[in-house]
Structure formats: C-alpha cells, structure tokens
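In the two assemblies presented below, subunit A is common to both, partnered first by subunit B and then by subunit C.
Here is the complex of A and B:
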C-alpha cells in the first residue's frame, strides 16, 4: 500500500499579540491509498488547523516547520500556482456544514460543473453531463433536477451529497472530511456514512476523517489518531486503540462517551403522585398574518411547530425528548416557558395555564430553562455576580440571602470557585459557562427545569461532567427535568421516559427500561438503528 | 478601556483621529484663555489685515482678531454639536431598542414612522424646525437632535434585532423580567459599541449642519464667534481678503475629519471580527 499523504514532524504556530501559540506540535501521520485515517480530538485540539495546513490555506499569522508531502510532492514548498492545481484536483475537502460551504446564489450544478471544467478541462456541456452522472452516483434521485436547484431548495443531506460529489468529482488521491455529518440529523448522517464507505471502497482514495465523535470514527476508519492540544497522543488500528487505549487522555475520552447500558440515575419517580406538568393537545403555530394579506382577504401561511402534543411529567422525573432538528423539541420548550404563544391545555401542579398571561411569578419561579449555547444565554456585558443575582432578586425565598454569600453558594453548588462571581462570561470556558447557566436556573429552586440541548455545544468529556452535575442536583433537590437532546445514547443514560418527536408530532412516549425492544413506532426504530453503537473499551 | 485606547493608537486612523479630537477638545477647554485678543473688540484701524506676526490669522471687517474669534468660537460650535448628537443618539437608541424588543406590529408602526421622517433631508428638517421654533442656538441644537434621531434609531434597531434573538434575552423573558429591565440592562449594553461609532461619525455632520444653519442665519446670531456664522459674514469679503473665509472653513473641516477618523478607528477596535 503506497503512502499518499505523509506528514512528518509538522509544527504550526500562530502569532498572537502575546507571542506564539502552538497549534500543532510535531504531528506525524501518514495515509495510504484506500485507507481511512480517523483524526479524533475535542474542540481546540488543532484538528481543523491540520486540515487547512494540508490544503495550504493558513492565515498570515501562521509559522510552520516540518514536512507535508502528497506522494513525492512537497506541499509546503509548492508555489501558489501549483497549489491551485492541486486543490480540488488531487486533494478534495468536505466541510462540516453544507449550508455554509455551498454558495447560496449559484445552482448546485454550476458549483459542481465548475470544478470539472477547471480541473479536468471538460467543456461546459461535458461537465454538466458528468455532474449529473456524479449526482446519480451519490444516490440523488433526480440528478438532472438537482443540478438546476439552488442550495436552499435542497435538504441538508442532499446538499452534503452534492458536496461529496464535488470532492470526488476529479478522482483526487486524498480527501479531507472535516466533521461531515455533525450538522446533519442522525438518520441522514447514517446514510451519508454508508455512502462514504461505498465511495471509499470504490475509488480507493486516501481519506482523512476528522471528527470529535469516537463512536462514529470507530465505524468508518481503518486507523485512528487521537489529537490532544496539537499533539498526536496515540495512533493505531481502530480495534486496538478502542479496545486497549494506552494513553491516559484516550482512556478519559473513551470513558466519557455515553453508553445506554450504563445508567446514571437510580431514583424512580413515584407513579402514583399527581403529575407536575400536564400538557394536553398543545399546538404551536409560527408566522403572523401579514396586514396586507388580511386586508385582501388572503389566507396567511402558518407554519406548525407543534401539533397536538400531549405528555405529563411526574415530580422528580427526567423526561427525555429526542428528535431531529426541526422536529419541534425546542418549540415545545419555548411554549412551556412563555416564549412562544400556544394553543391547547397546559396544567402545572393542577393549576390550568391557558396562555402566556397566566404564567405568573409562581409559575416562572417553578419552571426554569437552560439553553443550548452558554455563549448566547449569558449576557456578555454582565459579571457572573450580576447574572446570578437576578433570579435571587426576583424569586429569592425570604430566608435566603441575596448578597455575595448566596451567589457564592450558588457557584459552589455547581462546583465552581466562589471567586468566579467577579468574572465576565468570556473569561470562562464553555463547560464553566454552562455551569453558570445551570446555577442561574437553580437559583429560584424550581420544580421543573427544561434543558434544551444543553450539552450539544460541549466536548464529550465536559458533557460527561455536566450530566453528572445535573444528576447530582436532581438527586438533591428532586427537580423534574425535561431533557431535550438529539443524542439518544445520552438520554438513555439518564431519562426515565423518552418522548420521540418527528416533524412537530409526538410519535411515541416510551419507558427507557423497555428500550430498545419496546419501541413500536417506525421512526423510533430507525432512530435507534441509526445511532452508532459506542465503541466499547476493554472494560 | 485602556486596552481599547491602546488598540486605537495602533491603527493610523485611530491615532490621527485621537490626536485631532484631543487638540480640538483642548481648544474647547482652554480656547478663551489662549486667545491673544478679546474676540469682540473692534479696531477700525486694523481692518482687513492679512496674516502677520501681530495677527496670526489676520483680522476681519471690524478689525477683530480671527485667531481669537476661532479659539472662542470652538466652544459654541463643537460643544453644541456634541450636545445635539448626544441628544439625537440617546433618543434614537431608545426608540430603536424598544422597537426591536417589541417586534411585530409595534415595530412596524415605529419603523414606518421613522422611515417617513427620514425621507425628509436632515438639513431641510432642521430648517423646518428652526423656522417653527424661532432663531437661536438652542433651537438649532434641538433641530439637529431631531434630524438625527431617525437615522440613529435605524442603526440601533438593526443591531438590537440580532441581540433580541440571543438566548440571554429569552432567558430574561422566561425569568419574568420587566420590559424596562430587558431594554435597559440586557439589550442596551450590547448595542452600545456600534452606536458609539455611529455617534462619533455623526458629530462631524452635526458640526457641519450647525455651521450651515448659522451660515443661513438660523443658528447662532451675531456677534457670536460661531464658525458657521463667521463663514457667512466673511462671504461678502471673499475676493478682498480670502483668509477671512478660509480659516473658519478649515476649522470646520478639521473637526469633521477628526471625528470621522476617530469613528473609523473606533469601529475597527470595537468590532472583534476585524
């Protein structure tokens, strides 16, 4: 097996006002023809820097040393014109998010044909015909129509197929995949992975597959390299690295991967207790009727976010809500916290809530929400002290302090040092920020906390510690959670029951203990099938 | 704050803008003390004198020292322009943020009204208001503030709309905060940076607008040493003694350039993406 891409002792530094920061440290990798090398690492580990270094597209502030060779071509020494001929022709790249990597103002066919015209010297007509054949090859049903469509007229999965077709179009020797399924739904991602495996076997291209998802890499890669703070800590055959990780960091990473058979919650809610929240045939519609349309008697188009969703949460219960993006999970969360108007019945602790107007102080205190991105849910202009003091000022119990003491206690409750009160959010890491958001939600001692994808922006190891904290808080306070996520493995670890949502409908409400056999709806079953089985460590 | 200052000095526009604006503020504070003569003392024997060692910038038609008049006039021109811009910005920022917060129909109503007001050119608008309220410096300030409000409202709203979608605003609503708190404490601090940039650039326009109003005889009244008024008075003697119109015009231009450069520098510094 000939080595296609060879990286030897590669160092990369970025110049910053305070000196050089090392992004990649003595990286040595090689990929042979027909091989898939999985590169696994958390955010900031230098995965994407490596991808751009191979593509020779680095910012002005980069300083590098070492060698990157494509067969016998030294890429670092290559002139810009040579690089221009290599990019797209000999090295292809597939990006994370197809909705941003495709130009929204050009038809998909144009973007694909352009590559063929430039690198294979085809005429426009030939390129167009070849493009259609490529699209048929990547499993698109109507390639001729798809060529004429604009990116916004295609779904995420279709767009990613077009991007993959573009990458494979010139039969390159090496393709870099930078988290190609992260922005897609589980089921679509699964199909893209199948397509990738098929094309890979057929073309024998050398692939560098970058991902943060260990389970996924174990499925597609033949060899795997683990990168941590710019340094390759371990590399070897997939089976070997996952079965017997030798490096401490790899072991920690593997241990943090959620496994459905490893339950974290021991408590069970009292089934006889009165339900805390009862949602009955709750619907949410988006879009208001434009004034002009009303004047002309035209029907306004309304988009349905939720269609007659009914569920109930027991006190102290963790109810998981899973579904793909756009299935209405967050819409339901927003309806319950008064951020969206809704129709239908909602009862909290037996008290009927007919609309946003009925959500009084007591309701607002008892129902708290934690958002997905701590970056946007914490006001960047306020200190942590100020952020945490608001719920105390609004809902603090008479006996409860309001000052620095109480804020320190809140921080300690989420295992952050008291001194963090004087910091601004940007001085904290992603995991720490999410802890502050959790502390804010628990400040009013709520009875229901809605967690809206709170760990999906975090790295695996940070996610594990945040989940552990949530489970601990639940045990101490007996709070009920509405845990919204797209990660089925994660929710099976902590939830008592799981509600599956699909296109605004609640399709199934199932007891976790009964999974996977208890799933009766076809969508739930395909969701269960699509979730990559976590690679099991030696334990 | 010191970090912002240091980064300002690193960019050429920022450094030059800071220098010019700093000099102007120095003149505003110390101007009358620095002036060699009384700005209003007339000297019939020293009329129409070109720049010389005795009168650095020459004298005007009544024999008044132009340098002294410029140094004294800085206060009237620059301070009034700053006040006018500040008032307009404050009103515009409030309207824009509230409009973005309310959203929906209220937003439509507010912004269409703003659009209607904006369709009148700001000078025409200022002329209209001064004519209605009567001729005086204070009314000119009000007129400029009102003329600036719609533009500022529009700029603020576009930024505030993005802030409105942030989860910290959602969190505040879900927490049951009052509308006032959300607008003042959650949203306004996050729209301040672009507003400050827009404001510094608008100070330059305000100086020119104010000078224009005075030039047309609707702002400051004689014998005030306001720069626009000085230009207006010197117009008749342009061919006889061009320095009379040259110096105040240059002063207005310098202020405009200084604040524009400062605004450019601030925009680069306050925008983390550059």
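Here is the complex of A and C:
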C-alpha cells in the first residue's frame, strides 16, 4: 500500500504576545491509499490544527517544523500557486457543518461546478452536467433540481452530500473529513457514514477522519491515532487500540464513553407515588397570523412544536427525552418552564397549571432548567458569586443562608472550589461553567430539573464527570430530571424511562430496562440502529 | 422572488403614501397661516377674504378639502403656488430633476470609489491602506457638509480657479458648463456617501471573510479573486444596499445645506423657500414627492436584496 499522505516530526507553534504556544508536537502519521485513519481527540487537542496544516491554511502567527508530504510533493515548501492547484484537486475536505460551509447566496450546483471548472478545466455547461452526475452518485434523488437549489432549500443531510460530492469531484488522492456528522441528526449521520464507506471503497482515497467520537471512529476507520495536547499518544489498528489501549489518556477517554449496558443510576422511582408532573395533551404552536392574513380573514400557517404530548414524571425519576433536532424536545422544556405558551393540561404536584400565569414563585422554585451552552446562559459581566446569589435571593428558604457561606456551599456541592465565587465565567472551562449552571439550578432546591442537552457542548471526559455529578445530586436530593439529549447511549445509562419524540409527537414512552428487548415503534428502532455501538475496551 | 411579492410591495407603497398624504395635509392645516390672508395681504377686507376662501374651497369641511387636494394630486395637479401664482407641480418636478442629477452623479462616484476602498481596507485589515481609508471615512462622516463644501470651494474654485463656485446651468443649455457647475456639489455630497458606504463594505466584508463558507471556498482551491468577488462581496453587499437606499433619501431633500451653498435650485431648496413664504400647496407637494422617492428607493433596495439573497422568503 503506497503512502499518500506522510507527516513526519511535525511541530506547529502559534506566536502569542507572551511567546509561543505549541499546538502540535512531533506529530508523525501516514495514510496509505484506500486507508481511513481516524484522528481522535477532545477540543483543543490540536486535531483541527493538523487539518489546517495539511491544507496549508495557517494563520500568519504559525511557526512550523518537520515535514508534510503528499506522495513526493513537499507541501510545506509549496508555493501559494501550487497549493491553490492542490486544494480541492489532490486534497479534498469535508467540513463539520454543511449549513455554514456552503455559501448561502449561491446555488448548490454552482458551488460544486466551480471546483470542476477550476481544476478540471471544464466549461460551465460540462461542469454542471458533471456536477449533476456527482450528485446522483452521492445518492441525491433529484440531482438536476438539487443543483439549482440554494442551501436553505435543502436539508442538512442533503447539504452534506453536496459537500461530499464536492470533495470527491476531482478524484483527489486524499480527503480530510473534519467531524462530518457532528452537526447532523443521528439517523442522517448514519446514512452519511454509509455513503462515506461506499465512496471510500469505490475510490480508494486516503482518508483522514477527524472526530471526537470514539464509537464512530471505531466504526469507520481502519487505523486510529489518539491526539492529546498536540501529541499523538497512541496509534494503531482500531481493534488493537480499542481493545487494549496502552496509553493512560486513551484508557481514560475510552472509559468516559457512555455505554448503555453500564447503568449509573441505582435508584428506582416509586411507581405508586403520586406523579410530580402530569402533562396531558400539551401542544405548542409557533408563529402568529400575519397582519395581512388577519385582515383578509385568511388562515395563517402555524408551526406545531408539540402535538398533544402526554407524559408523567414520578418524584425522583429521570425521564430521558430523545429525538432529532426539530422533534420538539426543547419546545417541551420551554413550555414547562413558561418560556413558550402552551395549550392542554399540565399538573405539578397535583396542582393544575393552566398557563404561564399560573407559574408562580413556588412553581418556578420547584422547576428549574439548565441550558445547553453555559457560555450564553451565564452573564459574562457577573461574577459567579452574583450569578449564584440571584436564585438564593429569589427562592431561598427562610432557614437557608444567602451570603458567601451559602454560595460557597453551592459551589462545593458541584465540586468546584469555594474561591471560584470571585471569578468571571470566562475564567472557567466549559465543564466548570456548566457546573456553575447546575449549582444555580439547584440553589432553589427544586423538585424537577430540566436538563436541555447540557452535555452536548462538552468533551466526552468532561461529560462523564458532569453526568456523575448529576447522578450524585439526584441521589442526595431525590430530584426528578427531564433529561433532554440526542445521545441515546448516554441517556440509557441514567434514565429510568425514555420518551422518544419525532416531529412534535411523542411516539413512544419506554422503560429503559425494556429497551434492548425491542422497542415497539419503528422510529425508535431506527434510532437505536443508527447509534454506533460504543467501542469497548473489554469487548 | 415572486411577482406577487412585487405587487404586494407596490400596494404597500401606495398605502404608505396615503398615510403620508394624510399627515402632510394635517400638518399644513395646523400651520398658523391663513391662505386667504397670505394671498391678499394683511389689509384685505373681510368680504374680499371670504370671497377668496370660497373660491379656493377653504370654507368647505376639512375632509372635503383633503379629498379635493388628493384628487388633484393623483391626477398630477398639485395646486397653485400662493407665492408665484403658477402651478406647483412643474416647478417642483424641475427642482426634483436637478436634485436627481446631483444624486445620480454622487452615487456613481460613490460606487466607483467606496466599493474599492472598502474592499482594499478589508483585505489589508490592520495595515496602512486600512488606516488611510479609515481616516478618510472618519473625516467624511464627522465633518459637516458646510465645512467640506467651504473647503472645496476655497481650494478648487478660489485658489485654483478650476471650477465655478456656485450657480447652476442646465445640462440642456450648455452641457460642459453645466457639468462643471455640478462638480463641487457632487464632490461634497459623495464624500459623505463614500465615508458611509466604504466603512460599511469594509466591516461587512471583514465579517464575511471570516465565515466558514469563505474558508471552504479557499480550501476548494479557488483563486483569491473568485473567493473575494464571487463568494465574499455578494454577501457583504447585502447590508450595504440598505445603507445606500437610506442615503438616496438623504440625497433628495437632506442636502439642503449643500444646495444652499452652491445655489443649486434642487427640491430641498425649493421646499425651504416654500416653507419660508408659507406657500402651503408647494410644501404639501414637496413633502409628498420626497416621501415618494424615499419609498421607491427602499422598494428598489428590497428588490435588489431579495435578488442577491434567495433566503429572503416572501409569502
């Protein structure tokens, strides 16, 4: 097998006002034709820097040493003109989020055809004909139509297929896949992976597959390299690295991967207890009638976020809610916290809540929410102390302290040092910020906490510790959780029951214990099938 | 962009203009001016005033006066000037023509300079070229028109004697001299426009050049030129169009100071004269005409916007 891409002893530093920061340290990798090398690492590990280095897309401040070669071509020494001829022609790239990597004001076909015009010297007409053939090849049903569509007129999966078609358009020798399925829904991601495997086998291209998802890499790659703080800590055949990781970091990473068979929660809610939350035929509609439609007496189009959802949560129960984006998970969370107006029945602790007006202070104390991005849910201009003092002042119980003591206790509860009270959010890491958000939610000693994708912005090892914290808090306080996530493996570890949502409907409410035996609804089954089996060191 | 959308926008413009006509009519009614007194002078007899009021329909109820006026307006009859006794329409449209000429040349000069300046500043961000463009646009934005106009007159007309300082010669009368007379007002006005627009183009383009799709375009091996003009500029121009549309509104009526300094009898100047002499029909017509041009400029901007960015969905 001929080596296509060869990286040897490659160092990358970025110049900063305080000196150089090392981004990549003595990276040595090679990828042969037809091979898929999975590059696994957490955020900030340098995996994306490596992709930019290969693509020769580095900022002015970059200082490099070592070699990057594409066959016999030294990429580091190549002139800008040579690089322009190599990019898109000999090395292709597939980006993470097709909705941002495609130009919103140009038709999809144009963005594909321009590569063919640039590198293969085709005329505009030939390029469009060839582009149409490419789109058919990546499995798009109506290629001619898709060529003329604009990005906003195509779904995420369709757009990613166009990006993939563009990357493969000039039959490159090497393609870099930078987390190509991270921005997609589980089922769409699964289909994209199938397409990847198919094209990979067909073209024999050398692929560098960058991902933070170990399970996914174990599925697509032939070899895997684990990168940590700019260093390749381990490299080898997939089966070998996952079965017997030799490096401590790899072991830690593998241990942090959620495994559905490894339950983290031992408690079971009392099925006979009075339900804490009862949701009955709750619907949420978005959009209001446009002024003109109202004037003309026309029916305005309303978008349904939730359609007659009914469920109940027992005290101390963890109810997982899964579904793809747009399925109505967050809509339900917002309805329960009064951020969305809703129709239908809601009872909390037996008390009917007819609308936002009934969500008084007592209700808000009992029902708290934690959001996905702590960066946008924590005020960047407030110290942690100020952030945590608000719920204490608003909902604090008579016996509960409000001063520095109480804030320190809150921080300690989420395993952060008391001294963090004086810090600002930007001085904390992502996981620490999410802990502050958790502390804020628990300040009022709530009985229901809604967790809306709270770990999806976090790295897998950080996610594991946040989940452990949540489980611990649940055990100590008996709090019920509505745990919203798209990660089926994760939710199977902690939830008692799982609600599956699809396009605004609650399609199935299933006991986690009963899940492996077989979900009854077809959508739930396809969801389960689409989730890559986690790589297991023991298996 | 559907024809239905265009029709809907046109209907909306008509509605806007209807509301404007109401406001204009109402405001001129509040003004402390009695048209009959204005016509006949302070010493007119009560009988003579009554006769004039009857002749002009001023004794009729307000809504009848409004309908009468509006009826005339939609037929192109804006009434008779109280100052000159001539029909208001032709004089105003002539002035509008002169203002449009100033606007047209200013916008052409602005497009010719502001786009390249903004683009250069964006590409060479943080370098000398960026700094120079930045300083020029700060000067353009911060100096009032009368200062720049005076400076230009001082240098180009007084010291160098290249250009006539003031006055207006119709292009149909003497094309060359007419153009020469336009140079100074056009320079004054376009300096402000260039300052606005080049800053806008620069900051939008800087943002666009940092987007993922620009990076994707570069990593497809496209040339710098293709990346910049095909992928970058198109997106950067979108907000610029809105600014230009607002500037057109400014050019037609907002440049009274410039028209005054250069003795250019444009619509702004005409309106000032009308207000000073309490010539109500002229004031009404002038305000309505300016509102119309404003509405049309914004309409065209929206159409251009929709054409450039297909995400804008019109139902």
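In this text, the second predicted complex is superposed on the first by the 536 of 539 C-alpha atoms of A that agree within 3 Å, B and C clash if a C-alpha of one lies under 4 Å from a C-alpha of the other, contacts with A are read in each partner's own complex, and residues count from 1 in each chain.
In the analysis below, a contact is a pair of C-beta atoms (placed from the backbone, for glycine too) under 8 Å apart; a residue touches a chain by one contact, two chains touch by 3 or more.
No experiment lies behind these values; they were computed from the predicted model shown.
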Combined model on subunit A: subunit C and subunit B, fit or clash: fit
Touched partner set for A:88, first subunit B, second subunit C, both or neither: second
Partner chain in contact with A:152 - subunit B first, subunit C second, else both or neither: second
First, second, both or neither for A:103, with subunit B first and subunit C second: second
Superposition-derived angle with apex at the Cα centre of subunit A and sides reaching subunit B and subunit C, degrees in steps of 10: 30
Which of subunit B and subunit C A:233 touches, first, second, both or neither: neither
Partner chain in contact with A:361 - subunit B first, subunit C second, else both or neither: first
First (subunit B), second (subunit C), both or neither touched by A:195: neither
Subunit B and subunit C, minimum CA distance [Å, superposed model]: 6
Where subunit A meets both subunit C and subunit B, residue numbers: none
Residue ranges of subunit B touching subunit A (in the complex, touch as defined): 104-105, 108, 166-168, 170-177, 185-186, 189-190
Subunit A residues within the subunit C interface of the complex: 55, 57, 83-89, 93, 95, 97, 100-106, 114-115, 118-119, 150, 152-153, 163, 166, 290, 292
Touch list for subunit A against partner subunit B, complex: 288, 291, 334, 337-339, 359, 361, 364, 368-369, 371-373, 376-382, 390-391, 394, 440
Complex interface listing, subunit C residues touching subunit A: 8, 211-213, 215-223, 226, 230-231, 234-235, 238, 308-311, 315
